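Listed below are the structures to be examined.
Two complexes, one shared chain (chain A), two partners (chain B, chain C).
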Partner chain A sequence: MKNTIQQVFHSRKFVTGFSIFMALLLIVFFYPFLIKDDPLAIIGQGNFFPPGIYVNVYDSLHSTTYILNLDDAAVKRIGNTLGDQERQDIKDWLVAYGIPEDQIDIDNTKQLLTQWEENYDPNISVTDMTFARQRYYERIDTSLKGLLSTEGMIIAKTNPQTGVLEQTDTIEQSEYADISEVANIKVLPLGTDNFGRDVLTELVKATGVSLQIGFIAGTIATLIGLFLGLLSGYVGGLMDDIIMFFTNLFTVIPSFVLLILISFSIGQDNRGASTIAVVIGFTSWVWTARAVRSQVISLRNRDHVNLSKLSGHSTFHIIINDILPYIASYVIMALILQISSAILAEASLSILGLGPRTTEIPTLGLMMNWAMIYQAQILGKWWAYFPVIVMIALITFSLNLMNTGLDQVFNPALRD
Partner chain B sequence: MADEKKLCLCGSGLTKIYGLGRQKCIAVDHVDFEISECEFVSIVGESGSGKTTLAKMLLGLTKPTEGEIYFQGKKRDISTLRKKKEYWKSIQAIFQDPYSSYNTFNKIDTVLLDCISMRGGRKLPHAKKIDLMEEACSFVNLKFEELTNKYPFELSGGQMQRLMIARIFILKPQILMADEPTSMIDACSRATILDMLMKLRKDIGMTIIFITHDIGLAYYISDCVYIMEHGKIIESGSAEEVILHPKEEYTRRLINDVPKIHEEWDLSSVSYA
Partner chain C sequence: MKGYRKYFVNKLLWLLVTTFFAFILNFILPRLMPGDPVAAITARIAQGMSNSTGMKEFYQQYADLFGTNKPILEQFFLYIKNVVHGNFGTSFSQYPRPVLDIIKSSVVWTVCLQFPAIIFGWIIGNTLGALAAYTKKGFDKVLMPISIFVSNIPAFGMAVILLVIFGVNLKWFPTSGGYGFDLIPTLSWRFIWSVIVHYQLPFWSIVATAIGGQAIGMRSMSIYELNADYVKYSRFMGIKDRKIVGYVFRNAMLPQVTGLALSVGTMVGGALVAEIIFSYPGLGYTLLNGIMGQDYPLISAVTLIITMMVLLANFIIEIVYGLIDPRIKAAQSD
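And now, the complex of A and B:
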């Protein structure tokens, strides 16, 4: 026994899978202690805020200011404000004015601005330009000049006594605030989702719930499969025929169709995470039962089982002591596969809208479902669904890797 | 056959059929035999002739399709587990492959302790149990101190098979079914094991049913020989009678297939059927 465990932990594949899985488990377990936010608290007004560090503007005005004179500050500021369309329009004007196209680089903000400042004159009318278009270029020019001006911005407040706006402060362009001194900063490494919830916190919680569903469903499926497999394999005869009849019945009906029908008939209000787990467990025991049965049949006629019978042991004793240890490795492997397929089944169900009822707990499938309903994939909001996909892939990858590693240990023909 | 001896195990019309319809396979075909007490009986035949199936039926591990088995003059009754347990107190077995005869997850002590409790010694004090195990091990030239807390796979094939005999020594059954106990073991260990079996037989007056494909071995050790071919017993009688004066062609072939020292091996009559 000890020997086997040692061997298992010498398998590189198993150890890799095991470490990934353990890392995921640790994150799921310890993350709520570090970040105590409610995973489903709606913090953002509006949907799909991109990943980043969010600094409170109001607080940053009130924090200590430092003057830093940086040369490229203005260029960066304008560069950040200028959209791709505006850059393209500026280029179009310059080309129409007569500057060779290969001299204009729209990504080089500094060069583009210099060229614009040197050449633009609102009185010059380049060919084929409507009046509206001319006005548009005048507006671009004005806004660029505004950005380039070195005057500060005035902050005014209404005096509560007189009701008159009074200047309270001026912000110079060279003023900086230390980010660590700003009172309110929110780091959203994966942005927010369609409801304005922190995707990372939600993802960790969802991973936990999905793993729970996987464990419950996998354990139920393995236990049912093991029990029926042992019964039909060891007892044989009529019992075997009856059990195999039902097993074949379940094999023929695709389990996913069964899953959809059962989930639908349970109804939206009654579908909690554990209900879904139980339903998944009760529809996926078939292959375990079949595999256990065939293993037991081949073990049943071995000499050590005969010897155990001759020693007067009861059927129960023989099953526990002479059959189970021999198929234990196989059952553990089946359990691992069942867990990973249960997580996938939950994700598939939820993305169809048949998962656990929404707004109470997140699961990996539900997160994908929400992202899909709000068209994150069309709008290019990758942070709403891509991390979920990566997480599902990581879980199933690590579990399958563990399974392959175990397979190599227990099946010497596969060792490399 | 010696009529004055008490009959121990008889079979009449024993048949075992595996499968149904087209896949039907008759493993044992209407076999009759009578085995007396304290006899050393050999059942000889090539692979697939139904020897092991016959042994399993006699042991009560498989149900005969047809026919009856009489044990000590009465019809054998093993309908319930309790009756089976009673029956197995008087009939035990040694199997062909020592490596697969043991549950590799149980320690050697467990194997012997099971036998002690089967003999009704479950409530014996621990020291007494150890004494019994030591006695059994020393009978088969094994040292219990070296074996205790070891797993069967840590032993050699010969040691495992000797431990099987130690098991029989504790159980002291009336009948021992030895299903090719020496075929997986080298010649030296084979002699030791056979010697031990003979000694055990003399000590406790046990009937031995020895299943083998080695007709030469059967000649040297047995009182009575049954020759099996395709599930039927085709020849039976005392060892001298059957092997020195065979009546059947098949028996002659079996005898001829045994290689002899100091003699050219005649392979002309070998059939590849």
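And now, the complex of A and C:
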């Protein structure tokens, strides 16, 4: 036993898969201790806030200010407000005005602005331009001038008695706040989802729930498969025929279809994560049953089993002591595969809208489903779906690596 | 051909038996659930309806349609009769369109998309797997980790990734639908071209997911075969490597064909979800619409059709297997 485990941990593939999987488990386990937010709390008003560090504007106004005189501050400020479309429009005007196209770089804000300031004159009429277009450029020019102005901004408050605005403070353009002194900062490493929930916290919780679904479904499927496989392989005869008939039947009838039918019939209100897990478990035992049966048949007439029979041991005793230890490796491998396929099955079901009911817990499939319903993929909100895909791929990848590693240990022919 | 005929009849019988059980499951699973399915359906339809006579009318109508007020055996025969006549009832969500009509218009898309894609992915995967097993160093070292990782990206994930890269960012292919939304299905060049363009992303996403798993399976099979005694014997005999690889490939192929038969159900399931990502007008998308619209007759019919398709595909693969496996041909001499 010890020797086997040592051998298993010498397999590079197994160790890689095992470390990835353990890392995921540790993250899922310890993350809630570090960040105690409710994973489904709706914090963002509006959907799909991009990943970033969110600084409270109100608090930063009230924190200590420092004057920093930086040369490129103005350019950066304008560069940030100037959209791609406006940059393109400015370039179009400059080209029409007569500046060679290769001298204009719309990504170089400083150069672009200098060129604009030097050349733009509202009185010059560039050829082929409608009046509305001319007005548009005048507006751009005014707004740029407004941005370039060096005056600060006035903060005013409404006086509760008179209802008149009263100036309370001014902010200069060169004022800075130290981020560590601002009271409220929210780091959203993966932004928010369509409901305005923190994607990272939700993802970790969802990974935990999906893994649980995988474990429950995998255990149920393995137990059923093991039981049926032992029964049909060891007892044989009519029992074998009946069990094999149903095993073959459920091999060809796609389990996906059964899953859909059962989950739909259960109804939205009764579909919790554990129900889904049980349903998945009950529809995916086929492969384990087949594998166990073929192993048991090859073991059934070995000498040590016959010896056990002659010594008068009970069938139960023989199965536990003389059969199970020999098929344990296959059963564990099957369990690992079942877990990963159960996680995938949950995800597919959820995308179809047949996953666990949506309000209480997130699962990886549900997150994917929400992202798809809100068209995150078309809108380019990668943080809503890509981490989910990566997470699913990582889980199945690590489990499959462990499986191939075990396979190579137990089937020497496959070793490199 | 006596041996083969026996094999064929055997497989045909098995097809009939599995079809029969597919019918039973499709019939019985929704009815096994606690509660009255008809009551549940009427509750969904009559949401917000306060008129109790109207509710009763609804209930009566659906109870008659599904025959739930009759004994279970009679219900089953009614169900079989309806299915054989192609009468799947009327869709709830696309009322008053008959379900058969909806299925007819979507099944073609699914068949034309999935089966070529699965077969193509299978062929490429097997070729790559065999190459990896044969070359071992280099190619194998690079290819295997990649295919292991790629095969672990779920079908819908692959679909989304391809969609974002080639549909949204590069804008090479349209992101949704089976043909341009401004076109009416006709046999014009414009329509055919539109169909071809819309076909690419769903097709390649299914192919990409199929390749990885098949390559890994074929590699293990080929490694087994390469270590077999007949290979060593052939080497001692001085038979050319190229010829030996041919033998090995043929022998390793056989379990892969069976593997295809066994996994075609899972693959179709994954591909249905990929269809949904691309809003491809096939069965997967129809199924999604059915689930969204709580459309029981549509869901029941779609799941039945999918099962039938998988069973039929299985049957065809097994028949082909019988033709290429020499052991089944050899059985005729017994």
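Just so we're on the same page, the second predicted complex is superposed on the first by the 416 of 416 C-alpha atoms of A that agree within 3 Å, B and C clash if a C-alpha of one lies under 4 Å from a C-alpha of the other, contacts with A are read in each partner's own complex, and residues count from 1 in each chain.
In this text, a residue touches a chain if its C-beta (ideal position, glycine included) is under 8 Å from a C-beta of that chain, and two chains touch if they have at least 3 such contacts.
Treat the numbers as computed from the prediction; the structure is a model and nothing was measured.
**Q** Mind checking chain B and chain C on superposed chain A, clash or fit?
**A** In the arrangement built by aligning on chain A, the partners chain C and chain B fit side by side.
**Q** Which one hits more chain A residues, chain B or chain C?
**A** C
**Q** Regarding the shared-chain residue A:H304, is it in contact with chain B (first), chain C (second), both, or neither?
**A** Only chain B; A:H304 stays clear of chain C.
**Q** Does the superposition put A:R77 against chain B (first), chain C (second), both, or neither?
**A** Neither chain B nor chain C is touched by A:R77.
**Q** Using the superposition on chain A described above, determine whether A:G312 touches chain B (first), chain C (second), both, or neither.
**A** First partner only, chain B.
**Q** Kindly classify A:R357 by the partners it touches after superposition: chain B alone (first), chain C alone (second), both, or neither?
**A** Touch partners of A:R357: none, neither chain B nor chain C.
**Q** Would you please give the vertex angle at the Cα centre of chain A, with arms pointing to the Cα centres of chain B and chain C, as a multiple of 10°?
**A** 60
**Q** Touching A:A347 in the superposition: chain B (first), chain C (second), both, neither?
**A** second
**Q** Is A:R133 touching the first partner chain B, the second partner chain C, both, or neither of them?
**A** Neither: A:R133 stays clear of chain B and chain C.
**Q** Once the structures are superposed on A, label A:D322 by its partner contacts, choosing first (chain B), second (chain C), both or neither.
**A** first
**Q** Least CA distance chain B-chain C after superposition, rounded to whole Å?
**A** Superposed on chain A, the two chains' closest C-alpha atoms are separated by 7 Å.
**Q** With touch defined as at the start, can you tell me which chain C residues reach chain A in the complex?
**A** 14, 17-18, 21-22, 25-26, 29-30, 32-33, 35, 37, 40, 148-149, 151-157, 160-161, 163-164, 168, 175, 216, 220, 223-224, 227, 262, 265-266, 268-270, 272-273, 276-277, 287-288, 291-292, 296, 299-300, 303, 306-307, 310-311, 314
**Q** Quick check on the complex: what are the chain A residues that touch chain B?
**A** 1, 302-304, 306-315, 321-322, 325-326
**Q** If we count contacts the way the header does, which residues on chain B are in touch with chain A in the complex?
**A** Chain B reaches chain A through residues 56, 59, 61, 81, 84-85, 88-89, 92-93, 95-97, 100-106, 114-115, 118.
**Q** Give every residue of chain A touching chain C within the complex, in rising order.
**A** 248-249, 251-258, 260-262, 264-267, 340, 344, 347-348, 351-354, 368, 372, 377-378, 380, 382, 385, 389, 392-393, 396-397, 400-401, 404, 407, 413-414
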